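Structure below; questions to follow.
Note that the chains take the letters A, B, C, D and E in the order they are written out, and that residue 1 is the start of every chain.
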Amino acid sequence: MKKIGVADTTFSRVDMASAAVDELNATGSGFKVVRRTVPGIKDLPVACKKLIDEEGCGIVMALGMPGPKPVDKTCAHEASMGLIQVQLLTNTHIIEVFVHMDEVSSEKELAHLAERRTREHAVNAYNMLFRPQKLRRQAGTGQRQGFKDEGRIE
Amino acid sequence: MKKIGVADTTFSRVDMASAAVDELNATGSGFKVVRRTVPGIKDLPVACKKLIDEEGCGIVMALGMPGPKPVDKTCAHEASMGLIQVQLLTNTHIIEVFVHMDEVSSEKELAHLAERRTREHAVNAYNMLFRPQKLRRQAGTGQRQGFKDEGRIE
Amino acid sequence: MKKIGVADTTFSRVDMASAAVDELNATGSGFKVVRRTVPGIKDLPVACKKLIDEEGCGIVMALGMPGPKPVDKTCAHEASMGLIQVQLLTNTHIIEVFVHMDEVSSEKELAHLAERRTREHAVNAYNMLFRPQKLRRQAGTGQRQGFKDEGRIE
Amino acid sequence: MKKIGVADTTFSRVDMASAAVDELNATGSGFKVVRRTVPGIKDLPVACKKLIDEEGCGIVMALGMPGPKPVDKTCAHEASMGLIQVQLLTNTHIIEVFVHMDEVSSEKELAHLAERRTREHAVNAYNMLFRPQKLRRQAGTGQRQGFKDEGRIE
Amino acid sequence: MKKIGVADTTFSRVDMASAAVDELNATGSGFKVVRRTVPGIKDLPVACKKLIDEEGCGIVMALGMPGPKPVDKTCAHEASMGLIQVQLLTNTHIIEVFVHMDEVSSEKELAHLAERRTREHAVNAYNMLFRPQKLRRQAGTGQRQGFKDEGRIE
């Protein structure tokens, strides 16, 4: 049975992993979820690598909520660079789901955005592992996870 | 038969992959196109690596449309760094075709730019694989894909 | 017996390593601490790698205090990138504990923040090595090391 | 016979490669030049790596002309990072000769700067391969390729 | 006998390598110095790697003087990233001694700073190789190479 890794943080103010697991289970079956929780987003790259190398995950969702300060933006950049490196070292996709605290202006909107983006990317993760042709049909259609899609320009 | 990889995203608002495939076929023959679609540009590096490692592509076009916000610019930078790493790990060229949404000021111009840049780089990809001397003859001539060439300064 | 590495710098104005070792010992047992001191934070990545490769540490705490100038911020970024690379090369977690000199406005607050953040991350390091389920229970709860936790948004 | 690689771009508005080859031949002998032309500076890293891995070049000159816009500056940074990575993967020097379009204010000055910097670095490349003691004697003397040397501060 | 590498540039306006060698010899014995000079700081990473891989150096000092312009700051960042990579690839420390031209306001101060920082880091390099406990005793004491130490905050 295939494995889907879900890595999240104690820094995030929203329980993104539960949304991910719930949506994955609502989307399909034939997989097992393996979870890991780390302190912050910079701890995610090696956590994802271990989910791939040691647990045999076929794809991983990396869930994080970068803060609004410049140092937080730098952390997010470093984490993203690390997540790309992991993918290249393992030839395995990692779906980065980062929700920046300053994307919206209230706690309520932040929780909503985090859940919605996580759920939409859970579907992407499932599709990439089990039915990549679904993504192919959405090529160039301006998909936006967590916000309204922008659509294709004809 | 040689293979040319074409990787694109669901984030892009223009179907750049179709333009790429159309132009490749108009330019020459003797190759097979292998396509992959991923959610966003940060998913392109490992998609391109898999096209090279697992599908045997001799060159890959990485097509993306970064958004206009600072976080989008950072994403584009991260994706570009990853694409360069893939090339060094595989000794294989990847032609990055990124069209930034703020390069032009209307949707119509954006679609035009995306198609034109993609087509011009499709010719580059074909030439790099089959007739590198064509690029040699353009050395130092100020080529600009999607815009008017700037030309050589004598 | 498991080993926990603790790497610190002569640049830091606070003896963070002593706080780390003290807190580790107060948190649990069954481990041995191995320490290394280097001049600055950019020397930490290879020091941590050697603690893992040559000393067999199962986790490492990287303790540093970046200065307030732009060049110091760049140093911190470079060090962080290196620390992530070490983790990917060794499949081992490194807990980065960086306290920026401009996070607070007095020397007294800086010493307090450095000690408190180091101690809270020492608990994280211990938990990651011996009882990862403790982190799992804190997933998405807005933990902030050295400052008041922000808490979960329901 | 030793080989010197020369990689350049179709983006550059000056034929830097011809200047490089001309100056190399004027400086000494005992080597063969191998040329490659790619579209832009981000294509240079893998082109240089292939010149080293596949052609056996003992040193490579990477010639490029980054544009004046922020996105061009980012491209130059990415290319430079890639060129450093290639050197570390191959234990081979690559002399990066980048001429930024906004270093001078007219096309005439740009052509002059590009040619002069290329020629001065061609001498560096030759010296690094055949007579490294020449560089040793210039240590700490404020050399500036393409502009007036700043000289040593006593 | 152990070897200490010293890599410097022709770009620097101060002969930092001579200061390094002089101070190393004044600090202790039991080592041989191996020198390499390259054009600029971006050439230092591979020069240091070759000093380690090909010459067997147990530690290397990388001496450079980045210019004051934004492009120079980017070069310094790229060089630093490369130097960290070399350390991780070789499990060997490299002491980066960079003196930015805009740290002080006169040529006289620049020469003084460059010499003093180089000499203080030469002692660090010697200590790291022969008596690491000396650094251990300075942990968290606010050392500043080239300027007055800031000291420990109690």
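Please note the rule applied: a residue touches a chain if its C-beta (ideal position, glycine included) is under 8 Å from a C-beta of that chain, and two chains touch if they have at least 3 such contacts.
No experiment lies behind these values; they were computed from the predicted model shown.
Trainee: Between chain C and chain E, which partner chains are common?
Mentor: Where chain C and chain E might share a partner, there is none at all.
Trainee: Using the touch definition up top, find the fewest steps from chain A to chain E.
Mentor: 2
Trainee: Between copies chain B and chain C, what's the superposition rotation on C-alpha atoms, in steps of 5 degrees?
Mentor: C-alpha superposition angle, chain B on chain C: 145 degrees.
Trainee: Give, as an integer number of Å, the spacing between the C-alpha centres of chain B and chain A.
Mentor: 25
Trainee: Taking each chain's centre as its mean C-alpha position, how far apart are chain C and chain D in Å?
Mentor: It comes to 41 Å between the two C-alpha centres.
Trainee: If you look at chain C, which of its residues touch at least two other chains?
Mentor: 81, 85
Trainee: Looking at which chains touch, is this a line, ring, star, complete or other?
Mentor: Contact map by chain: ring.
Trainee: Starting from chain A and heading to chain C first, what is the chain order around the ring?
Mentor: A, C, E, D, B
Trainee: Can you check the complex and tell me which residues of chain A touch chain B?
Mentor: Answer in residue numbers: 73, 76-77, 80-81, 83-85, 87-88, 91-96, 100, 121, 124, 128, 132, 135-136, 138-145, 150-154.
Trainee: Which part of chain E faces chain D closely enough to touch in the complex?
Mentor: 8-18, 35-39, 42-43, 45-47, 49-50, 53-54, 71, 74-75, 78-79, 81-82, 85-86, 89, 107-108, 110-111
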